[in-house]
Amino acid sequence: MFAGIPWDIIMIQTVNGLVSGMILALVASGLTLIFGIMDVVNFAHGELFMLGAYMGVIVLTATGSFWLALVLAILIVALLGAVMQVVTLRPLLGRDPLNTILATFGISLVLQNYALWQFGPVARKIQEPFTGQFTLFYLQYPWYRIVIALLSAGIIGGLYLFMKYGRYGIWIRATTQDRVMAQAMGIPVPWVHTGVFAIGAGMAAASGVLFGPLVGVNHAMGLDWVLKAFIVVVVGGMGNLGGSILAAIFISLLEAYASIWVSPSQAIIVSSVVLILTLLFRPTGLFVPTPK
Amino acid sequence: MQPLVTVEGIHTFYGKSHILHGVSLQVGAGEVVGLLGRNGVGKSTTLKTIMGLVNPSQGTIMFEGKPITGLPSHKLARLGIGYVPEDRRIFKLLTVMENLRTGLDRTGVTEEKKKQLLDKAFAFFPRLAERRTQAGGTLSGGEQQMLAIARVMMLEPKIILLDEPTEGLMPRMVSQIREIIDVLHKEGVAILLVEQNVPLTLESSQRVYFMEKGAVRHQAAASTLTVNDPVIHQYLGV
Amino acid sequence: MSKRRATYYWTGFVVIVALLVLAPLVLPEFWRRFLTEILIWGLLAMSSDLLIGYTGMVSFGHSAFFGLGMYGAAAALLMVKPANLWLAILYGLAGSAAVALFVAYFSTRLRDIYFAITTLIFSQIFYVIIFTWTEVTGGENGLSFPRPQLGIPGIYTTPFTSTTLHWFVLFFVVASYLILRRITQSPFGMVLQSIRENEARTRAIGYPVERYKMVAVMLSGVFAGLAGVLYAMQNRFAAPDFVYFLISGEVVIFNVMGGIGTLLGPIVGAGFFLGLREGFSRLFPWMAQTFDIPQIEQFPYLIPLGVIFILMVIFLPQGLLGFAKRWLNTS
C-alpha cells in the first residue's frame, strides 16, 4: 500500500497513464511539429483525429482489416491535411497568427458538423484487431492497449528517424531553422510546409484509429483531445518535439493517478493546474533544458 | 552575347523606406563583377532583390535572357543562382555534411555527381572535411564562411551572389577567399561580389560598379583602377 | 476631428438607435426576440473587442465571463425572493468580475498564442466545475429561474413584455457602447492601443503594461458578464453549454466577421452570423422539401457558415465594418 492505495491499483493506473500518454504524445507531436515549423496553431487537429477514426471505421467495415484501415486512414487524412493547408493556410502566410488560429477554428467547425451530418450523432465502434488479455495484477488487461502504446511509440520513433536522417528531414530541419536561407538553397519551402502539415495530420489520424476501439467514434471526439493536446504542447515547450512527448506522458500519468480519486472529467483540472504552474514558473516549457 | 544576369531599374522598399532607386547592372557569364560603395548604400539589398528574398516594386531582372523578377528564391536557386549572405547564415543545428546536403539533394543529380561535388568541396576546404559531422554552430567564423561558400557550390550555380565574404576574417582567410574566387572564375562561375575590401575586389574582378544612395552611379574595368584612385575615394571615402 | 464628421456620426447613431427602439413595435414576436438576442451577443462580442481590437489580446475565455454573469444572475434570482432585478445584475457582474480577476491575474503575463490558449483552458476549467458541481449549478441540466420584474422592488414593478425587455436590453447595450467608446478614446484607451501596436515599446516608455492589461481584461469581463445577465433574463435559464469554449470561439467569429477594433463591428458581426444561421436553418429543410432531397434537411448550418467565415478570414480579414474603422474610432 502506498498512501492508502493498494500498489496494484497504482501500477494499473501507471500502465493506463502510459498508454493514454503515448496516444496523446502522438496527437500532440503532430501539433508541435506543425507549430514548430510553420508557426501555425492548428485548431482543427482534433477534427483530423476524429476524421481518422471515421475513415478507420469505413475502411474496416468495407474490408474487415484493421491494419488496412489504419494505413488508409493515415493516407487519406494526410492528403486532406495537405489540401487544407494549400487552400486555406498558404494564403495566410505572413499574416498575423490570429488569422491561422481563426481559419483552423473555422475548419474545425466545418469538419465537425460535416461528420455529424454524414455519420449521424450515434457513436460508431472500431473493433480491436485482436482481443485477448493478460493478467496484470488483479485485472485482465487487454493486450491491445499495450500494442497501441508500442505502435504510437513506433510511429513517433519513425518520425524522429525521418527527421534526423532522411533527405526531407534535412529539408524540414533547415526550414525550421532559417526559412529564408533554406529557400535560397533551393528547398521548396511552401511544399515543405504542406508536407509537414500532411505528416501532422496523418499522425493525428493514426491516433484516431488506434484510440478508436477504446472509446466510441463520434463527431465531437476531437474536442477534448485538442484541448489536452494544446496543454501538452505548451507545457512541453512550443515546437519542442521531445518536450511534448514527455509532457504528454507526464500529464497522462498525473490524470491517471488523479482518477483514482476523482471522476475522469474532473481530471482535466489536473492538467490545467499543471499548465498554470508551468506558465507561471517555466513559461518556455517544463521539459525544455534551458529557458530561452 | 547576352549577359547572364541583367538588372534594370530596380526599386526596392523595406516597408516605407525606399532603399533602391533604380539600380541597373549586368553580369556576363563567367565574369567576376564587383559592387562597391559605402555602408547602407543598398549593395546587400541589391543582392537580396536579385535572389528573390525581397520583391522589387519596380524594374526587371533577367537571367539567361528570361525574366525572373518576383520568382521565389527556391526556383532561382534551381535555375542556377547561388547566394552567400553577409552573415553566412549556415544552418547552425545541422552538421557540416547536412548543410552541404541542402544544396546537394536536388533532383537530377546522380550519386556519382554528388560524390564528385563533395570531394571537390572537401579538397578546397580540408577543414570542413575534418569537421563534417560537427554542428554548423560549433565552427569558427572563418569556417562558417567556407561552409557557406561550399554549400552554395553544391548547387552547381552559374552565378554566385557573394555578400561581403571577407568581413570579420583574418588576413590568411581573406587570401583563401581570394583563391576561391579565382578558382570559381576559372571554372566559369560568374560572381557578383559585394565587398568593403577594395584591393581584393580590384584584384578578383574584371569590372566594378559603384553604388551611391541606392543606385549604380559609375562603372569601370577593374584594370583601370588603383586603390588610390579618386573614383574610389569618391564612392567609398569618408 | 472635424465637426462635420461628428455630426454625421451622431446623426447616424441616433437614427439607428431610433430604429432599434421602434423595431419591436412592428416586428412579430419571433423576430423581436431574435433582435434582442443579437443585441445581447453583440454586447458580448463588443466586450471581447476591447481586448482583441484595442489591446491586441485574443481571448478565448469570454464564455467563462458570460457564463458566470448568467449563473450569478441565476443565483440571485433563485436565492432571493421575490426575484430582484438589480440584485441579479449585481450578482452577475460580481461573478464575472471575480472570474475576470482570476483569469487576468494568470494570463496577462502571457502573450499572443499562450494567452489565447490559457484563456481557453480556463474557460474549460470553469465549464468542468459548473458541469460537475451539480448540487450548486444544476450540472448538465442547468438552472431555470423566474424572470424578475422591471422596476424598483417595493416602489413600482411591472412584468417585462418582450418589447420592454428589448428596450431594457437596448438601453444597456447602448450605454455599454457609449461607455466603451469613451474608454477606448480616453488616455487609458490610448495606452491599450499602444500596447497592441508595440508592447515592448510601451513597456520601455515606462507604462506598467501588466496592470493595464489586467484592467482591460476586467473591464472586458464585466461587460461580458452583463451580457450574461441580460441573456439569463431573456431566456430564464443558465446552462453549462454557454461556458463551453465553442461559445468563446463564436464570439471571436462575431468579432472578426464584423471587424475588430470598431466596437460596433462585433454587433454587426453577431447580427450577420445569427442572421445567416437563421437563413441556413430554414434553407435546407425548404430545399429538402422543394427538390425532394431528404438528406439535405439536416444539413448543419455551421458548414456553409464556417466556409463563409473561413473565406472572410482569407479575403476580408478587416471584417464588414473594417473599412469604417478609422471613422468609428475618431468621431
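When the chains are written out, they are named A, B and C in that same order, and each has its own residue count from 1.
Simple rule for what comes next: contacts are C-beta pairs under 8 Å (C-beta built on N, C-alpha and C of every residue); 3 or more make two chains touch, one makes a residue touch a chain.
Computed from a prediction, not measured in an experiment: that's the story for all the values here.
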Graph separation of chain A and chain B (steps between touching chains): 1
Just grab the chain with the largest centre-to-centre distance to chain A, centres being mean Cα coordinates. B
If you average the C-alpha positions per chain, which one ends up nearest the average over all of them? A
Here the gap between chain A and chain B, centre to centre from mean Cα coordinates and rounded to Å, is 43
Using mean C-alpha positions as chain centres, tell me how far chain A is from chain C in Å, no decimals. 32
Per the centroid of Cα atoms for each chain, what is the distance between chain B and chain C, given in Å? 56
Touching two or more other chains, which residues of chain A qualify? none
Within the complex, which stretch of chain A touches chain C? 41, 88, 91-92, 95, 97-99, 101-103, 105-107, 109-110, 112-114, 116-117, 223, 227, 230-231, 234, 238, 263, 265-266, 268-269, 272, 275-276, 279-280, 283
Touching residues of chain A toward chain B in the complex: what are they? 167, 170-171, 173-174, 177-178, 180-190
Complex interface listing, chain C residues touching chain A: 52, 58, 106-107, 109-110, 112-114, 116-118, 120-122, 124-125, 128-129, 131-132, 245-246, 249, 252-253, 256, 298-300, 302-303, 305-307, 309-310, 313-314, 317
Complex contacts: residues of chain B adjacent to chain A: 51-53, 72-74, 76-78, 83, 85, 89, 91-94, 98, 101-103, 105-106, 151-152, 155
